[in-house]
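Each of the two complexes below includes subunit A, the first together with subunit B, the second together with subunit C.
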Partner chain A sequence: MNEAAISMNPGARRRVGARAGSTRRKAVRRAVRGRFGFVFQILTGGAAIALGILLWQYVASHGTHLYLDFENVPTPRDVGSALLGALQTPDFYADVGISVLRIAGSFGIAAILGVAIGVAIGRFRWFRWAFMPYIEIVRPIPAITWIPLAILIWPTTEESILFITFLGAFFPIVLNTIQGVEATPSALINAARTLGAKEWNVLFSVVLPSALPSITSGAAIGMGVSWFSLVAGEMIGGRAGIGYYTWNAYQLIQYSNIVVGMITIGLLSTLSTRLIYLMRYPLLRWQRA
Partner chain B sequence: MPAKRLAIAVALSFPGILASNADAQTITIRIGHQSMCTDTYPAGVAIKGLHLLEKYLPHTGKYKGVSYDIVWRNYSSGAPITNMMLANKLDFGVMGDYPLVVNGAKFQQTRDARSILFSMTAYNLDGAGNSIAVPTSSPITSVKQLVGKDISVPIGSSAWGMLYEMAQQAGLKYSDFRVSNQTPMVGISAIAARKIDAHADFCPMTEYMEYKGTGRMIYSGAETKIPYLHGVVVTRAFAQKYPEIVVAYAKAVIAADRWIAENPHVASKKMAAWTMIPKEVLYLYFSQGGYLTPDPTIKAKWLDTLAYDHGLLAKYAHVPPLDMHQWVDASYLKTAYQQMGLNYAKQAGTLKNPQGDTHMPPQIWVAGKGIQQYGTNAAMFQALGKLTAKGQDIDAVYVYDAQSGLKMFGKTAWYVKDGTSIDAYLTKGEALREQKEKGGKVLSYTQLRAAA
Partner chain C sequence: MNERNEQGHVEVRDLRLRFGSRRRQVLAVDGVSLDVRPGEFVSLIGPSGCGKSTLLNVVAGLVEATEGSVSLDGIPIDGPGPERGVVFQQYSLFPWMSVRRNVEFGLKMQGHGASTREAAARTLLGLAGLLAFENHYPEQLSGGMKQRVGIVRALAASPKVLLMDEPFGALDSQTRRVMQQILTNMWQRFRLSVLFVTHDIEEAAFLSDRVYVMTARPGRIKAVVDVQLPRPRSSADMMSEGFLDLVRTLRAHIQDESLAAMHGELADHGLEGFGVDVGPSGVKDLV
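Let's look at the complex of A and B:
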């Protein structure tokens, strides 16, 4: 959770960059720290990535075998042409679309249920006593171990995949919601009560806004886990989706397509997590004011 | 910190590297096989169970004093075996025709790694072995009714190739069906739970479902007339280093095939114990008139078949080109035949079609007593009635399709009873057509048993 928070905060990254450049000349240091810091960050990051891709191209095209074996690993060039090929087939878009829809559906349900149950547990002790044991028992079970049982229980395979994806997102959201609700300063709640606020007003005007930063962190983590669960579900029971695409590539030993699948999944997961952080900004306006 | 950890890891793994170099007297043979793919058994579970490789491995010349470490690894399809062979983690791989072609082509795509197809295992000339199953309670009785329906199949398997062939022959398009990729195990449970309309697979999946009563065959790959083959590949690196071991493997396949052909009843029981596939299902394949003809020779016709399979794979799965002459090498197998005093050319010239004979004697597997044969279906059903009246348990009943000669479980077949003669058919549709032409009454197994 901490790592995610740091990497999402550009300021933190800038500080790390500044420390690394501390042996350089003062002018450079000033430039890096100052207005042009962002440009240097982009340049350094871009150069590092380019170097990585060059290294990959080298080891893959030479079939380097130094403990790690790159003999049959596709080169970036192979992956690039496989990606271009995929982008020209409607099936690829269908696979991506279906995965995105599955995430949207199950993550949406997980967010609504997770926040509702989290708030209830955080606010009402009866709820806490009754529900917390369930959360504690089920939470540590990795979502993918549910796959066989989910296929058995749900009427369609589609629903079982949605369920597994839901599980991935649900628990981080619930736990972070509870944490956020409990961390609401009691002084604020008491002040609101003194001003004549009903329980309902306290919940929506005080507790929820106060818990929101914690809830969105939970949602961001949940998004990552739900992609992980979705891909596992699609690989085993799916009939479409980006995980299914990757698994098919494996069945036909198409290594380039496997990498295309991996990159696509990574990209989709990053974009959707970013989306959550973007959505947080308007909701957290009160904090900045 | 990570550098230190790496140093420790290297230091820890070093003794292992040294040990394997120092101990040059042990040759490790790593084999990938499939206990859930019947046609691979002559080069897989049968050799493993009978310790045939140990019997033929060389111990003279450069192999004097050598000890062997044979590692058997079990997989649920050919793809992961090819993956492991490419990663140099397996030396031998046993798989079906389509995965074999993918294996050869994928190896030829690499700079200098190659695989060699050096022996087959068993075959069905017409393509029986692949089939399409529906849930027992499904109303579907023919492939035409599958249009617009969900069919799952292990992609890249020979059953997948059969779907293309079936669509073409039925005047349909592959895209008329909603085909998805599903492994055999998931497919079997999907059929049992009625979560998919149909599942296409290689043997023993459909027959296993019929035996369990969860699925029903509606289409046999025999209709495609494209041979159903399995074989063994070895990495060229291994074959060049230890050609005598490849010959020994070929001898083991020959011996396993003979063992199965000579006594399918015993072989089915033994292999059932090694694989968890019921003996009644295995007997359906390996008995006289059963689907699978054990024969390791690489026939001229097989090269055409594999080239045909490659054409489909190249067209629909972008499989790279395959140079057959570089890939297929029967020399190891020929040496094995010669050293065992057998005639390769003669065996390679034979082509057997078990479905050719529609007058094979129907059989009853009497529990604990073995196989009993009868002249006609009518006589068999009469005897069956007497046996069960005496309280005798029956393991299985086998009949033959009156049109195609395909061996089937008696309990899943459909029958046309006309007077005293009883003909068996694979599907109800087929039985109804016959009844229209020749008259009689269409009956299921249970109806027939009740009427008898």
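Let's look at the complex of A and C:
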């Protein structure tokens, strides 16, 4: 395969005498495709990131203004020292802690309600007929468009932020649960029934385990959307939290802290999604069998 | 295990099955009566689409009869239950449970404790030569092994009758023969009633005490053939004159029905049609 690739390369053909060059190129190719391919992957990725940071450093320190205005953009170096500073400030941790608690609460409720309602819709006709219209009507409305109404409805801003965060996670979880429940093979349900399973057993011993891969995918998507909604809610109505921290940095002209907030939010969202995958890992051992 | 000999009498009387809406109704099964007496191995054969699997599902309690009665030991059948074990055509093992947990499922539903379940499951798996695989997941097993687990799982719930819906249909012919031998050995040991649906004539002849032949749709009983071959049987018996005679008889019954079932595709002289001389370059001339 390598041979063919080389001979089809016109450059290699022309320089017939340059045998050493051709074998060297062959060796490089083999190395890239072989066991140490990941080293090259990491080197390439690292170089690309480094190049991006250099470019950022350049435009930010020169205050480049080419339609996009980089004059007020903090340099990577500024952001780095702001991050170190933030890590030594108790307030920063308090903001992170509040956001994490909000996510834990809202996402937790969304997961429990989402799975329960999703299973009921997927399994019981009357439930589907009654609830599906609501889901279809409300689902396309982005969670953050609820912010004004939520502030009007809920007694405190805190509750309206929790509500928005809940909405973000709820719909992906419900929809994935419905899909997982409906996709449960009827052969498995029939098998369980002929072995003496009652409706309740079928639900817990067959339908839920069968829908679990789909449910956890919905939870992972929901986790991302709930961070999105939380940050929007905190920016608009919050008095604490990492979204508030980021928006506040803008208003206080602490531009480096904007990027610190952004990086923190990205990291938290990634970590919490990872946590979901980590939690489902032992439950879905059979899928990797 | 002897008391089972007196139980497991399946009686189907004048069973009629209709499908579809009021406008477009299809009569799938028309006036079928059959018996599986305690400890008997009974097969149901017929062309595809004759309603034999549906009939089995009625006995399993998964499909409701339109007319007629189906009972087990005199008790009318109303929904599925563990006294009628089912082995399905497709592999229906729970993929998230290990082999042993699959086998334990029926016992768990009956409320048996973990240690009882484990002991029973391991005994049965041992009999089926699957003990080494008790902690495997179904995905890790071959087709024949999966179906053996399926049989063991149905047996573990101590059914009075075993209902088998083309259980070996998806297996290659070698595995099939081995599975038939295993099944006949296990049946010899447990002596429970079996209703076995298949379209494989040799399979039905080899396994059964009695074979019901069904007609093309709507399914009726066309013939009942008693199998007198001595037991225990082994695959060597499939060469005996008695066996071949039996297969010939069954084949004669079923051939007309298979043609009738394919009528739309193969007009009246369908089979002769394949005798057409297509010339030296073969099928290419036809295209």
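Just so it is clear, the second predicted complex is superposed on the first by the 247 of 289 C-alpha atoms of A that agree within 3 Å, B and C clash if a C-alpha of one lies under 4 Å from a C-alpha of the other, contacts with A are read in each partner's own complex, and residues count from 1 in each chain.
Keep in mind that, in the parts below, a contact is a pair of C-beta atoms (placed from the backbone, for glycine too) under 8 Å apart; a residue touches a chain by one contact, two chains touch by 3 or more.
Values in this document were obtained by computation on a predicted structure and should not be read as measured data.
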Touched partner set for A:201, first subunit B, second subunit C, both or neither: second
Contact-wise, after the overlay, does A:190 reach subunit B, subunit C, both or neither (first, second, both, neither)? second
Check whether A:100 is in contact with subunit B, with subunit C, with both or with neither, and answer first, second, both or neither. neither
Go through the superposed model and pick first if A:210 touches only subunit B, second if only subunit C, both, or neither. second
Between subunit B and subunit C, whom does A:113 touch in the aligned arrangement: first, second, both, or neither? neither
Residues of subunit B defined as touching subunit A within the complex: 77, 79, 82-83, 86-88, 102, 106, 110-111, 113, 150, 152, 154-156, 178, 180-182, 186, 189-190, 193, 195, 317-319
So, in the complex, the side of subunit A touching subunit C is made of residues 185, 187-188, 190-198, 201, 205-206, 209-210, 212, 284, 286-287, 289
In their shared complex, at which residues does subunit C touch subunit A? 60-62, 79-82, 84-86, 88, 90, 92-97, 105-106, 109-110, 136-137, 139-140, 153-154, 157
Complex contacts: residues of subunit A adjacent to subunit B: 63, 69, 71-72, 151-152, 155-157, 236-240, 244, 247-248, 250-254
